[in-house]
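Two complexes, one shared chain (chain A), two partners (chain B, chain C).
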Partner chain A sequence: MRRVAITEVAQISGPDSKDNFYDQAYRVTREVLDKAGLSRDEVGTIVSASTDVFHGGISCANAYYWESTGSFMKAGTRQDGESMFALHYAFMKILTGKYDTVLVVGLCKGSENPDNDAITQLIADPFYQRPVGLNETTAAAMQMHQYMEAYGATAEQCATVVEKNLGNALRNPYAHRRGCYSTEEVLASGSMCHPLTDLMCAPKSEGFIAMLLAAEDKAREITPQPVWIKGYGCALDTYFLGDRDLLAGQLPNAARRAYKMAGITDPAKEIDLVELCEPYAFQELLWCEQLGLCGRGEGGKLIASGKTRIDGDLPVNPSGGVLATNPYVSRGLQRVVEATLQIRGHAGEHQVRQQVNTAVCHGSTGFAGQCHAVAVIGR
Partner chain B sequence: MARPVGIIGVGQTQHGRREEMSYPDLVREAVLRALENCNLTPDDVDAVVTGTMPSMMEGIAMTQFYFADAVQAVGKPILKTETCGSVGVSIAHTAYYWVASGMADVILAVGHEKMFEGDSQATMVTVLEPYYQRSFLSGPPTAFSLQSQMWSNRFNIPEDKIREAATHISMLHHNSAFDNPYAHVKVRLSRDDVMNAPVIAYPIRLYDVCPNSDGACAVIFASEDKINHLGRKAAWVKGIGYRGEEYFIGDSDKVVWRAAIEAAKEAYDMAGISNPRKELNVAEVYNPFTYQEMIFYECFGFCDFGESPDLVLKGVFDRGGELPVSPSGGVLCTNPIGATGLIRVGEAALQILEQAGDRQIGGVKLALAHAMGGVVQLCGIMILGAHK
Partner chain C sequence: MSQAKEYRIFETEVWLPYRVAYGETWTRFFEGMKEQKLYGTQCRKCGRVLVPARSFCPRCFVDTSDWVEVSQTGNLQAFCYTNYRYYGQALDPPYVTALIRLDRTEVDFVHLIGGIDLTSVEAVSSRLAKGMRLHAVWEKVRQGHILDIKHFEPVE
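After this line comes the complex of A and B, so read on.
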């Protein structure tokens, strides 16, 4: 199998911007090409990620931004819903040998969209789930209830995730929301959907993410610091929320596939850093368990131990994660960009203390994580 | 490096107005038929790729979640490819790459649309941005009417001749649909019916235009090892091509249409085809509009520019002609958009597998499937062959 590397990355994110979509899409694409020293003609092809319902009222988003992402007269294509899918597809395009370089772009201009949950309710089927008000937040609240009940995790432990991640975001210039919050402030921040408080829920952000993947030989020409894609796994759960065990979803399955491909047998020991998708604070704890970083039901203990802090042994979301910045569709790809920066030592003020050799990136979409995608990247 | 990939199973729904069943059940009908067609069970499938048109079409977003069970994807890896009207061929491309890359041996590709649950023209107007194009380019018929007129003007083709040729194509496909058990529109049309049908957007008349359909299509792609292990005949993927051009319709030439020309060229080069009209035995061209079908013939190198109406009238593209086009009745008779491109791939595969029933063309060794999307903007091609 060919080795495939992430060679260069770029991102634009935050709450909103005076720039229009085309400018932002163009700038982030241009930045990656300039860093790689490639002209548009020299790039093999483009895989983008976007979702029409998160695209400011314009359908077939890929048709709209075709030229501004460098796709003119190329075999560009698009993945919907989860931007980690675009990474996966681009990876496969290089594996076949047809392309040596593939540009991956994730695009979501949150400031031009309605509230995320006005959109995520459209994931709910119109007959049973939508009329009872199911959306990503109400589904997560039910999952949080179950999580606390099953394992005795406390609201304080969940609030600690917010305290940690928004604190980390203070050092990340690309973060949308940041601040020094105590767990008391998090718990007192107003009830979003019990037991979720306002600060436990991710904001709605802009995020334009670009990266250039390349086959080994090409990657070494482009950069002295290629970051290799070592493993990828994905798994989808059944649809109706009541049919699912929200505490035993498909993340272990997705992680198992990625770890097997990467040759990882003991994730808690072999992984140096995790960037995961936690639009709701408690999910960081649950996902850590399901990624095999601690035992089942021990997510609360894990965060209480301080191990996942930016200066801990296994930093989780040193960028501030999705709680800090939530460009809904491109949030998965943003995890990959952040982990790449950490592996290279280019994360600036939020660079972790220890050298990062192997990192796990995670994307999640659907109610209570109906779909999970996991990538293992490293030196 | 790229492993050989073949199609071993095809399933489609009875396309049409399917009010008696829900959208997931419609999808399930196609998926189960594809599995049955190659005698596999859902457990034999490694991963699934799905796709559709914009969510506004049926009012449900990110349908991979809703259809997790219908496409038998629970516990499996999934990709969701969406490229507007060209989505069906893009789904097939995704399945091809998944197997060719070595990351999977059996991929189920599914495309679907249930257009009677929404308003397709209203949805497709939202493909246009709200400032410039949406206010005058009110949906596909207008865009394709502009393209048709540009074409006749460029090559000085008499309007009467084009009308005759469009009528020939319309009657050909509407007749073929009777031989396709899955086709939607089945009406016997006289020459007068077609010639004098109400104008939709001049010069396009009612029977020059595809319908709205409910329908789904599922196609199973497998690796060479798996195909050998199963001991099955396969329709091998010989070539793929895809190109896209400017979003603003006035920015590019839609007659000598680069996206169509170069997508076909990429696929021909990969398949080693130099004379498509001679070498291809059948073509499933994405033909929602009779006029546009002729432009595709020219861009795909089936004939010279400006020449297609003459050849159509000579019967070159008839079912007994030199290069039969759309013996399934084509998009003109069946158009569940998210499935439409994949139906082209499925129909091309059925021709090679000699499973096309009454619409079978004799001795098909090489077949072309095509889809188009965006603002007259994106073109995808897949070429299938009987031999690896």
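After this line comes the complex of A and C, so read on.
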């Protein structure tokens, strides 16, 4: 099988911007091509991720931003929703042997959008679930309820995720929300959707994310520091919330597939860093368990141990994660960019202290994590 | 959305009407609700009773076989108290959305909890606990809609 590398990455990210979507998509694409030293014509093809009507109120599929991403006249395609899938499709396009380079972009301009819940209630069907108030936040609140009851995880442990991630974000210039919060402040930050508090829920952010993938020979021409895609897996649960076991879910299956491809047998030992998708604080604990970083029900203990802090043995979300920055569609691809920077030692002030050889990136979307994608990348 | 920005913004919205087909199975389910009955269907392979009724089992991927009237009483599995507003919200807050496992079914039914003091999270939390018994309370006039059940209430 061909080896595929992430050669260059770029991001425009934060709370908002005076630039418009059309131009921001161009800027981030221009930046990644300039870094790679390639012209638009030299790029094989492109895969983009966006949800144009929901998260932009403009366009159908990729019509609006097609030229902004350098795709005019190219045989590109687009993924609707979670951008980690765009990475997967781009990876496969290179594996076919037909392309040596593929540009991947994830685009979302949260500052222009209605509230997250106004959009995510549309994930619910109009017959059964939408009329009774289901959206991503209410689904997560019920999942949190079950998580705390099943394992005795405490609200304080969940609040520690916020304290850690928003604290990490203080060092990340691309973060939207950051701050030095105590767990007491997190717990007292207002009860949006009990048992979630306001600070336990991610904001809506801007995230224009681009990366250039290349086959091995081409990658070595572009960069002295290729970051290899070693494994990928995804899994989706069934649709109706009441049909699902919200504490079992499909992340273990996605992770198992990615680890098998990457040859990882003991994730807790072999992985140096994790960037995961935690739009609701407690999900970081549950996802850590399901990624095999600790035992079932031990997510609370894991964070209490300090191991997942930026200076710990297994940093989780040193960028601040999705709690700090939540460009809904591109949040998965942003995890891959952040992990790539850490592997290269280019993360700046939020660079972790230990060398990162292998990192796990995770993207998730849908109610209570209906859909999960996992990528293992490394030196 | 309406907060002032330091740069020029254009305010716009997208409003689109849809007409969504119920299909045979869900038509029958909602006809049942008009009659104050809840129907599920049973998977012929795994034997699970699914409610609301489904034409096929999402896990086994085979047609469901038998229609069964299911209990209107069940156990509380999880709940969430919502007391904030967002654009296009289906309900006026405060409200409690819950997962309820109706007796002799194998999935949770998503609906509202009412008939209790909803004025604060403390009032709601002191009244609700996992596993407690809840029963459906129906509207007097029913239109074949999920809110023909007004809400579920604690069984006294």
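Simple rule for what comes next: the second predicted complex is superposed on the first by the 374 of 379 C-alpha atoms of A that agree within 3 Å, B and C clash if a C-alpha of one lies under 4 Å from a C-alpha of the other, contacts with A are read in each partner's own complex, and residues count from 1 in each chain.
Assume a residue touches a chain if its C-beta (ideal position, glycine included) is under 8 Å from a C-beta of that chain, and two chains touch if they have at least 3 such contacts.
Bear in mind the structure is a predicted one, so any value in this text is a computation, not a measurement.
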item: Which superposed partner A:Ser330 touches (first chain B, second chain C, both, neither); value: neither
item: Contacts of A:Val53 with chain B and chain C, given as first, second, both or neither; value: both
item: Touched partner set for A:Gly366, first chain B, second chain C, both or neither; value: first
item: Which of chain B and chain C A:Asp80 touches, first, second, both or neither; value: first
item: First (chain B), second (chain C), both or neither touched by A:Thr29; value: neither
item: First, second, both or neither for A:Ser71, with chain B first and chain C second; value: first
item: Contacts of A:Ala235 with chain B and chain C, given as first, second, both or neither; value: first
item: Contacts of A:Met192 with chain B and chain C, given as first, second, both or neither; value: second
item: Superposed model, chain A: greater residue contact from chain B or chain C; value: B
item: Touching partner for A:Lys98 - first (chain B), second (chain C), both, neither; value: first
item: Overlap of the chain B and chain C footprints on chain A, listed as residue numbers; value: 53, 57, 126, 238-239
item: Touching residues on chain C, where the partner in the complex is chain A; value: 1, 5-7, 12-14, 18, 20, 22, 26, 30, 50, 52, 58-59, 77-84, 86-91, 95, 97-99, 107-112, 121, 124-125, 130, 145-147
item: Sites on chain A touched by chain C in the complex; value: 16, 18, 53, 57, 114-115, 117-118, 121, 126-134, 138, 141-143, 145-146, 149, 191-195, 238-243, 246
item: Residue ranges of chain A touching chain B (in the complex, touch as defined); value: 1-2, 51-53, 57-60, 62-67, 71-82, 85, 88-89, 91-93, 95-98, 119, 122-123, 125-126, 233-239, 250, 253-254, 257, 365-367, 370-371
item: Sites on chain B touched by chain A in the complex; value: 1-3, 47-48, 51, 53-56, 59-62, 64-69, 73-84, 90, 93-94, 97-98, 100-103, 123-124, 126-130, 241-247, 258-259, 262-263, 266, 373-375, 377-378
